[in-house]
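Mind looking over this structure? Questions follow.
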Amino acid sequence: MANVSTTVAAGVAPASGGDRTRTLHRAIFIGLALMLAVAPFLVYPVFLMKVLCFALFACAFNLLLGFGGLMSFGHAAYFGMASYVSAHAAKVWGLTPELAILAGTAVAMVLGAVFGALAVRRKGIYFAMVTLALAQMVYFLSVQAPFTGGEDGIQAVPRGRLLGLISFADDRVLYYFVMAVFMGGLLLIYRVIHSPFGQVCKAIRENEPRAISLGYRPLHYKLAMFVLSAGLAGLAGATKAIVFQLASLTDVHWSMSGEPVLMTLIGGIGTVFGPIAGALVVVSMQNYLAHLGAWVTVVQGGIFILAVLIFREGIVGFIAGRLKQQL
Amino acid sequence: MGKPWKYLLPLVLAMNLTAGAAVAEKVKFGVLTDMSGPFSDLSGAGSVEAARLAIEDFGGEVLGEKIELIFADHQHKPDVGLNTARQWYDVDGVDVILDVPNSAIALAVNTLTAEKKKIAIYASAATDRLTEDSCNGYGLHWTFDTYSQTRGAARALIEQGIDTWFLLVADYAYGHSMEEAMREAVTGAGGKIVGSVRHPLQTLDFSSYLLQAQNSGAKIVALASGGDVTINAIKQGREFGLQQGGQRLASLLTFITDVHGLGLDMMQGLQFAVPYYWDMDDQTRAFAKRFHERTGKMPGEAQAGIYSGVLHYLRAVKAVGSKDSDQVLTWMRDNPVEDMFSRHGKLLPNGRMVHDMYLVEVKSPADKAYDWDYYRVVSTIPAERAFRPLSESACPITKGK
Amino acid sequence: MFELIGITPQVLFGQLLLGLINGSFYAILSLGLAVIFGLLNIINFTHGAQYMLGAFAAWMLLNYAGIGYWWALLLAPLIVGALAIVAERLLISRLYKLDHLYGLLLTFGLALVIQGLFRNYYGASGLPYAIPPLLSGGHNLGFMFLPNYRGWVVVASLTVCLTTWYMIEKTRLGSYLRAATENPVLTEAFGINVPRLVTLTYAFGVALAAFAGVLAAPIYSVNPNMGADIIIVVFAVVVIGGMGSILGSIITGFGLGLIEGLTKVFYPEISATVIFIIMAIVLLIKPAGLFGRAT
Amino acid sequence: MAETARNVAQADPAPQLAVENLHAWYGESHVLHGVTFAVKPGEVVTLLGRNGAGKTTTLKSIIGIVGRRTGSIAFAGTETIGMVSRAIARLGIAYVPEERGIYASLNVEENLMLPPQVRPGGFTVEQIFELFPNLRERLASQGTKLSGGEQQMLAIARILRTGARTLLLDEPTEGLAPVIIQQIGRTLARLKQEGFTIVLVEQNFRFAQSVADRHYIVEQGRVIDMIANDELDANHDKLQTYLGV
């Protein structure tokens, strides 16, 4: 989706940013951390944890789309597989939650490396289709593999104790752990985007032949980006499994792959903070419209259509355009 | 950035705060059910209505507060079901979760319920694991389970010489429990299982499985799915000529809504066990009439069970004067369950509510006298034989007692 | 020989035949996707929902208007095709100047809306649609009992696929379509109304999906979710065949149905996954697909 | 009519094609900066100029396939600047693009029959085969399997069928052998004789000289000069500076 991200970026300040941009970003990070720190005293922590997990998931997706120029329609595979592995590790192997999450993340990265190697050979719409189909393969494997529990999923996953010491039974304690995971993931993404590696990815996205002529190997960079994105999606999924004490087929189903797409689209493709806003909107909507049953799907689809037709820059993209700042 | 948070967060906060403000002593039921899926006929809106009837019959109030009732659609997704249940217990102040037509979700809710020390009354989940290995005393299994459905019916069929079985099983908790129970029941009664195959829960096309069943040479192809999935399988079995090949199709867990959906033509002569039939006596008919006025349908097994469960719970709360789960449960166990649904009913410590079951036979279209006149009651299976006795239960909290 | 590998010919031929029936649906659906993709460069994610709409149109024609299966086979594709024209003019046509991925997102959203609406009104459990009396019953082929209707599905879909292929490859109208696919700007500069051609092509591709939906109605019962999962399999079929290749999508559709049938005999555990595994292999060896041109 | 065409443009009351102050853009880049010229009925004019001067873009603007264009293009008195290309084509203008635009997915016959008739009185298929006998034998071949010369003939042949009397030809001689170029020259001469109006973009100014009545010099998106064909030799030096030949 090279054009997409460039059109978004076009109205915004130069990529290198400036001191002003950097100060602004730092302020946002600190503000975000403060807001998240007080939030569980005001809002149901389980809901917040769900938002954070999905926000991280969406950020991982956006890393690949907005900064790597590749739109994956199969991120549920990494999210869901990590969720299964983490649930299995915590429940069956009895690992502590942080190790279970790491195990899930690692598996997601391996899976990302395998699928990425296949998928990055294609671009644009082909890439989307290939990732979608590969993810569906994971879905069917999950339906049949014994360790996933099929339609039942892996239930009653113990939340356990952090490092074997701090109990996660209390929602708020767990919340701060999830918040730390989220902030860590976000910072990592931010650093990657602004690293030399991120700049090369950006160059490839904008003009691949030119990048090749400069001596870069686009496939290697794309694959690295893909693995990173899959790993972060896995981190989100693995954490979610611990929070909800459940890993199920929903996590690997293709409709789950659509969630980060919608969140990123609403928040702003190619913005650092957009997917977070998008996740908040989508998860809130799903939560508070839940009693409407299948109408949630209709509303979600409607938002998809409207966002594509008239609001392609997204919430944060819109604000960034107004402020003439990169966000 | 920052801006969307500024606008959105207060909104979210406001919504949450209002949702969280539940009055402590108000009794609240949550029907966690299938409002739109394959089990929506046998539970769904009818379950909600049955709970409402029970609350009305009780007077609408207990402990001086109005009794509340909410419901949600779990869409057969364990995560949706579990999250709804968690939010109900944590935020919405729900005391009792009802129905849960999906064994996998019921099992997840069961764990959560014990953790939160609340109560769940299952009316349409069939897996007996709820009162066996996953039992915890807080989950009450009210209407039927895989044990009650397989024992009597399997014996009856095998006595008629139908002794080789092929199992077509929905691949989730319920199907697995049912498969296990059928294996036990069939081999126990001298029959033989010649093959089995598992299919995804919401399968639309059974052709490949039916072909395997045909090639197995079994005399009966027993379905362990339920709802529309079963209906589809029976229809396609007919399309692929199972009957012409001399095979029978049977579903041991058959709901009256299935019979209604498929018609007597296809179902006549089948025998199976039911916990309730609306046309048994004046009491059941009186309830059925009121239910029919509201929903346009006769009450199904699960729906009648919900009525009974809600009523028994409310009586307990009133008698105890509190909704403390442990006290309420003690009262519920100590007092017999007698109402239009339950005869000789008693709640066991493992959460199993045992009551009389009935072996019924589906009437032929010619014998049908009026709408919903579908069954002939062949015999009554007394409560103590219909369900697994406590002595055989694998429930960790009652074992060895 | 069959006994040697522990498989009876009954099972083998039976599953192959069932595979061919499934392949019929894959072929019609992937053909429609390929036709649309060729000209519009859009992966029509709504295709599954439109397949479902076809089945529902047949159901509604029967239940609200008393119009039976045979007329539905003609009318339902026309109705759903007409709806597709509205969707194309109103929504999709606004995206042609943008990245094609927006088309994917839009049609994805549209699929969610359509499926959600039908779940609301008709529930997720499916509505019965009877097999037309002319095709009820079946024949014993020796190795299996073949319901007449399923035989008809194979015949009907083969006919429709080959007719479509002929129309596109051998007729005047088809040459317009191919020209517009190859070079829309020049084709328009000759005075050919390419936007209208695009609209009609979309409608035609969708009508194919609706036709498949009517064919499926008596087999699978009419269900709002019937298109949701099959469409992903069909995507894989299109990727394997090579996107935009007409004949490729037909051959791949039937071929993969057969392969799926074979795996049900020899290794049933992977029957749901086999198409995706083949897709991965094809991508490794021939990234543009079996019949696709390199891009 | 052909004789009057030799007079200067403004002397004629009704040009077949009048382009005035034409600007055109590809995306953000502004390519034409006010092109003005006119072609009288039955006249053959060429647009000469260096690579990238804007000749091809001018033709594309006339037929309506450039992203954004402003100014005025009047065809037989009808303003076409706001029209879509298919409507412009329907007025009776036909276009042979650079590199001929033969469709690979169509065979020769389909390529030939593709453009719809916009006016009565186009060439019949028989007349076309008389003009280009090679095409008759190759009807079933894939369009792009023809030789370059044959493809060029096909590209011209298919627009003759349409009945359009004004032709826009973009470098019809590019990359062709001298024999073929001669054949195309003969064809153009015949078309001119029959009263066709032709706008030709050419690099090969020897060829241009052999067929055209007048030459417009295009440079940096503008028409900077006009030279009548019979004055071409006299202006050889000027031409050399314009074209760098």
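Note that the chains are named A, B, C and D in the order they appear, and that numbering of residues resets to 1 at the start of each chain.
Methods note: a contact is a pair of C-beta atoms (placed from the backbone, for glycine too) under 8 Å apart; a residue touches a chain by one contact, two chains touch by 3 or more.
These numbers were taken from a predicted model, which means no experiment stands behind them.
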**Prompt:** Using CA atom means as chain centres, which chain is nearest the centre of all the protein shown?
**Reply:** C
**Message:** Suppose chain centres are the mean of their C-alpha atoms. Which chain sits farthest from subunit C?
**Reply:** D
**Request:** Report the inter-chain centroid distance for subunit B and subunit D in whole angstrom, where each centroid is the mean of the CA atoms.
**Result:** 80
**Item:** Centroid distance [mean C-alpha coordinates] between subunit C and subunit A, Å
**Value:** 32
**Fill in**
Expressed in whole Å, how far the mean CA point of subunit C lies from that of subunit D is 45
**Prompt:** So how far apart, in whole Å, are subunit A and subunit B when each is placed at the average of its C-alpha atoms?
**Reply:** 38
**Asked** Do you know which subunit D residues sit against two or more other chains?
**Response** none
**Fill in**
Residues of subunit B that touch at least two other chains are 36, 75
**Request:** Please list all residues of subunit A that touch 2 or more other chains.
**Result:** 143, 293-294
**Pairs of chains, among all present, that meet the touch criterion** = A-B, A-C, B-C, C-D
**Complete:** As the complex stands, subunit C meets subunit D at residues 172, 175-176, 178-179, 181-183, 185-194
**Prompt:** In the complex formed with subunit C, which residues of subunit A make contact?
**Reply:** 1-4, 71, 73, 118-119, 121-122, 124-126, 128-130, 132-134, 136-137, 140-141, 143-144, 254, 258, 261, 265, 293-305, 307-309, 312
**Fill in**
Listed in rising order, the residues of subunit B that touch subunit C in the complex are 36-38, 40-41, 75, 202, 204-205, 207-208, 211-212, 214-215, 227-228, 232, 235-236, 239-241, 244-245
**Asked** Considering the complex alone, what residue numbers of subunit C touch subunit A?
**Response** 41, 43, 91, 94-95, 98-102, 104-106, 108-117, 119-120, 124, 232-233, 235-236, 238-239, 243, 269, 272-273, 276-277, 279-280, 283-284, 287, 295
**Message:** Residue numbers of subunit A touching subunit B in their complex, please.
**Reply:** 28, 31-32, 35, 39, 42-44, 46-47, 50, 143, 150-153, 155-156, 171, 244-246, 248-251, 271-273, 277, 280-281, 284, 288, 290-291, 293-294, 315-316, 319-320, 327
